[in-house]
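Each of the next two complexes has chain A plus one more chain, namely chain B in the first and chain C in the second.
Take a look at the complex of A and B:
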C-alpha cells in the first residue's frame, strides 16, 4: 500500500504533510506521558519487525500479492494510535530514502493510511470487541478492518489526486485488500498471542490510565 | 535495558533475520494491491517517479543478486531498529 512519488500532486502532498505534523505533535505528547523506558525496546523491535515483514509479499487471488502492514498491531499493543504514528514515520522514511519503497513527497499520505487510519480503526475495533469476543478475535477483526479501510482511504486519495478514477480505484483496492487483510489479521493475532504469552507486562490493556488520547 | 528486554530484542532480531533470509526467495513477485489497482485503472508506468535515486532501489543490491537482497534487508532491519531506539529515547516519558 506504499504510494510512490508521482501519484499525488505536490500541493496535495503538502496537505498530507500538515496532517503528519499534527499527528507527530500528538504522538510526541503521548510519548512524553506514556512511553516509559521499559517499552522503548518494544517500540523499536516492532519498527524493525514491520520493516522486515513488509518484504514478505504473499500471493492472493487475481495475480496480486500483499504483505502485513502492522498499524493496527502497534496501536493495539500500545493502546494508542500515536505509537503507530511514531513507528510508521520512522519505517516509511527509511523505506523511502534508502530503498525507494513508497515516496518521500507522499510520506504524509502513507502515514495517514497505514498508521493513523489503520491504527485508529484497529484500536477502536479492538476496544469495542475485546470484552465480547476476546482479545484474539477482536485484534484479528481490527487488523482486517484496518487494512480494508486504509485501502479505501488510499483509493479516495488517488481519486482526489486524479490518478485513479474513484469507482475503479475503490473496487480494486478494496477487493484486493479484503484478502490482504486476512494476512494482516493472522499475523497480528500471532504477534499479540506471543507477547501475551512471553511478555504480558508490556501490554497496556489492563492499565487504561496510561493510554493516550484517542 | 534489563535482561528480559535484551532477550526481547535478540529474539526479535533473530525473527527479522529469518524473514530477511527467506523473503528474497519465497516472497511473491506479483504486483501488490496498489500496483495492481494502478494497472486496473490503466495508470501509465511513468506516473510513479523517483524524486531522487535511493541507494538500494526495491531492496536490491544488484552486484550480489539474491544474497545482496538478503544483506540489504538485514541492513534495513538494523537501521530501523537503531532509528526506532533513537527516536523512542528522544520522545520518551519525562518524569
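Take a look at the complex of A and C:
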C-alpha cells in the first residue's frame, strides 16, 4: 500500500509531512532516552533487515502475493511505536528514492499509514490483549488489525484526495487486506515465537522478567 | 514491491561513466525532487509531457538503455496502476461509452490519464536518479543537504548493511533451495511453507539485531559517541553541475510561463484535468 507520487494534492501532502515531522521529533526523543548511543547502529541495521523482509513475497491464496510490512512487529518488540516510525521513515525514503516504490511527495502519508497507524494499532492491541489471551494471540491480532487499519487509512486518504471514492476504496482495500492481514499476523507470531526461543533477551517483556531491564 | 536483489544491479549501473553519472549527487537529487514535485502537483498534461521528453533526453545522455529503463518502470506500476484502471468508471461526468451498467466518463478518463502521466514522469525521474547515483551517494547527498543528523546517520549505516543482507538472504534461500524448498511449490502443505518463511524472517531479524549490536560495540571501541560527526568529503560543484540544475529550473520556469500565457492555444494539453 505504497501510495505513489501524484495521487495526493499539495496541501494534503503538506499536512502529512507536518505529522511526519512531529512524529519524528517524538521518536528521536524516545530513542535518545531509551536506546542511548546504541540507537543509531541498532535502528539502522534493523531498517536494513526490515527492507529485506519487505522484499520477500509470499504467495497468498487467490493467486496474488503479498509481503510482510512489519510495522506492528517492530512496535511490539520495542514496546514503542516510535521505533517503527524511525525504521519506516528510513526504509520508505530509500524505497522512494532508489526503488520508486511509494513516493517523495507522499512520504508523510505512507509513514502515517504503515508506521504510525500500523505501529500504534499493533502495540495497543497487543498491550490490551496480552494478559488475557497470551502474547502469541495478542501479537497476531495486533498485526492483523494493524494491517487492516493501515489499509483503511490508505483508502480514507485516497478518498480525501479525491482519487478514489470512499465506499469502493474502503470495500476493496479493506477486503483485500483482511486476507493479507492473516499472513502478516501468522508471520508476526512466528517471528515473535522464534525470537522468544533464540534471543528472549531481545523481547521487552522477557527482559523485564529476567534481568529487570537494562 | 521493491526486490532488493535488484539493488546490486542498480549500483552496478550507477557506477558507470557518463556526463550525468559524474554530476554531484546533491544536484541530481535536487533536480529529481524538483521534477517530481512540479509534475506530481500539475493539473494538465503539458507539464508532464514536456518534463518526460526532457527526462528521456537526460536518459540518453546518461547512456542508459531505454528498454531496460522502461522495463523497470513497468515493474513499478502495479499498485498505482490498479488504482488508475478504475478511474474512468467511477467518476460522474459526461458518458463516453456504455456497456450495460459499465460506463466510461470523460472526467474519469481524463483523470486517469493525468494520474498515469504524473506517475510515469515521477518514476522516470527516480529511474534516472537511481541508475546514475550509487545508493551511498544519494544518502551522502541527503546528509550534505542538512538532513537531521540521527536520521542521516541511520540512513547511511542502513545502506551499507542492505548489501550484506541481500547476501544473507540469498544464502538462506540457497540453503533452502538445496533442500528442495520452494515457496510456490504446491506439493508441500501451505501452512508448512508459511512457517518456513516465518523462520526465515525471524532469522533475518535476529541476525540483523545481533549484527547491530556488534557494530555498536566495534563503533564505540573506535571512539564513536553520541556527539560524533560523520566525515563529509568536501566536494566543489563544477560548472556542469550548475548547468544541469539551472537547465532544470529554467525548464520549469519556461513551462509555467508558456502555460500562463498560451494556455488557450495548447488545447487539450493545457486543460485542467484534475478533479481535486
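Criterion: the second predicted complex is superposed on the first by the 185 of 214 C-alpha atoms of A that agree within 3 Å, B and C clash if a C-alpha of one lies under 4 Å from a C-alpha of the other, contacts with A are read in each partner's own complex, and residues count from 1 in each chain.
Operating definition for what follows: a residue touches a chain if its C-beta (ideal position, glycine included) is under 8 Å from a C-beta of that chain, and two chains touch if they have at least 3 such contacts.
Treat the numbers as computed from the prediction; the structure is a model and nothing was measured.
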For A:168 in the superposed arrangement: first (chain B), second (chain C), both or neither?
both
If you stack the two complexes on chain A, which partner ends up touching A:40: first (chain B), second (chain C), both, or neither?
both
Looking at A:28, would you say it contacts chain B, chain C, both, or neither? Reply first, second, both or neither.
both
Could you say whether A:142 touches chain B, chain C, both of them, or neither, answering first, second, both or neither?
neither
Quick one: classify A:68 as touching chain B (first), chain C (second), both or neither.
second
In the overlaid three-chain picture, which partner chain does A:10 touch, first (chain B) or second (chain C), both, or neither?
second
Now for A:118: first (chain B), second (chain C), both, or neither, which partner does it touch?
neither
So, does A:104 touch the first partner chain B, the second partner chain C, both, or neither?
both
Does chain B (first) or chain C (second) touch A:190, or do both, or does neither?
second
Common interface residues of chain A with chain B and chain C?
1-7, 28, 31, 36-49, 51-53, 55-59, 67, 86, 90-91, 94-101, 103-105, 158, 163-165, 168, 199
Could you please specify the touching residues of chain C with respect to chain A in the complex?
1-7, 10, 29, 32-33, 36-37, 39-41, 72-73, 76, 79-80, 83, 86, 90, 115, 118-119, 122-123, 126-127, 129-130, 135, 138-139, 142, 148, 150-151, 153-159, 161-162, 164-166, 168-169, 183-184, 190, 193-195, 197-213, 215-216, 219-220, 224-226, 274-276
In the complex, chain B residues that touch chain A
1, 4-5, 8-9, 12-13, 15-16, 19-20, 22-24, 26-34, 36-38, 40-41, 43, 47-59, 72-73, 76-85, 87-89, 91-94
Listed in rising order, the residues of chain A that touch chain B in the complex are 1-7, 27-28, 31-53, 55-59, 62-67, 86-87, 90-91, 94-101, 103-105, 151, 154-155, 158, 163-165, 168-169, 172-173, 176-177, 180, 199
Show me the residue ranges of chain A that touch chain C in the complex, using the header's touch definition.
1-7, 9-10, 24, 28, 31, 36-49, 51-59, 61, 67-68, 73, 86, 89-91, 93-101, 103-105, 158, 161-165, 168, 183, 186-187, 189-191, 193-195, 198-199, 202
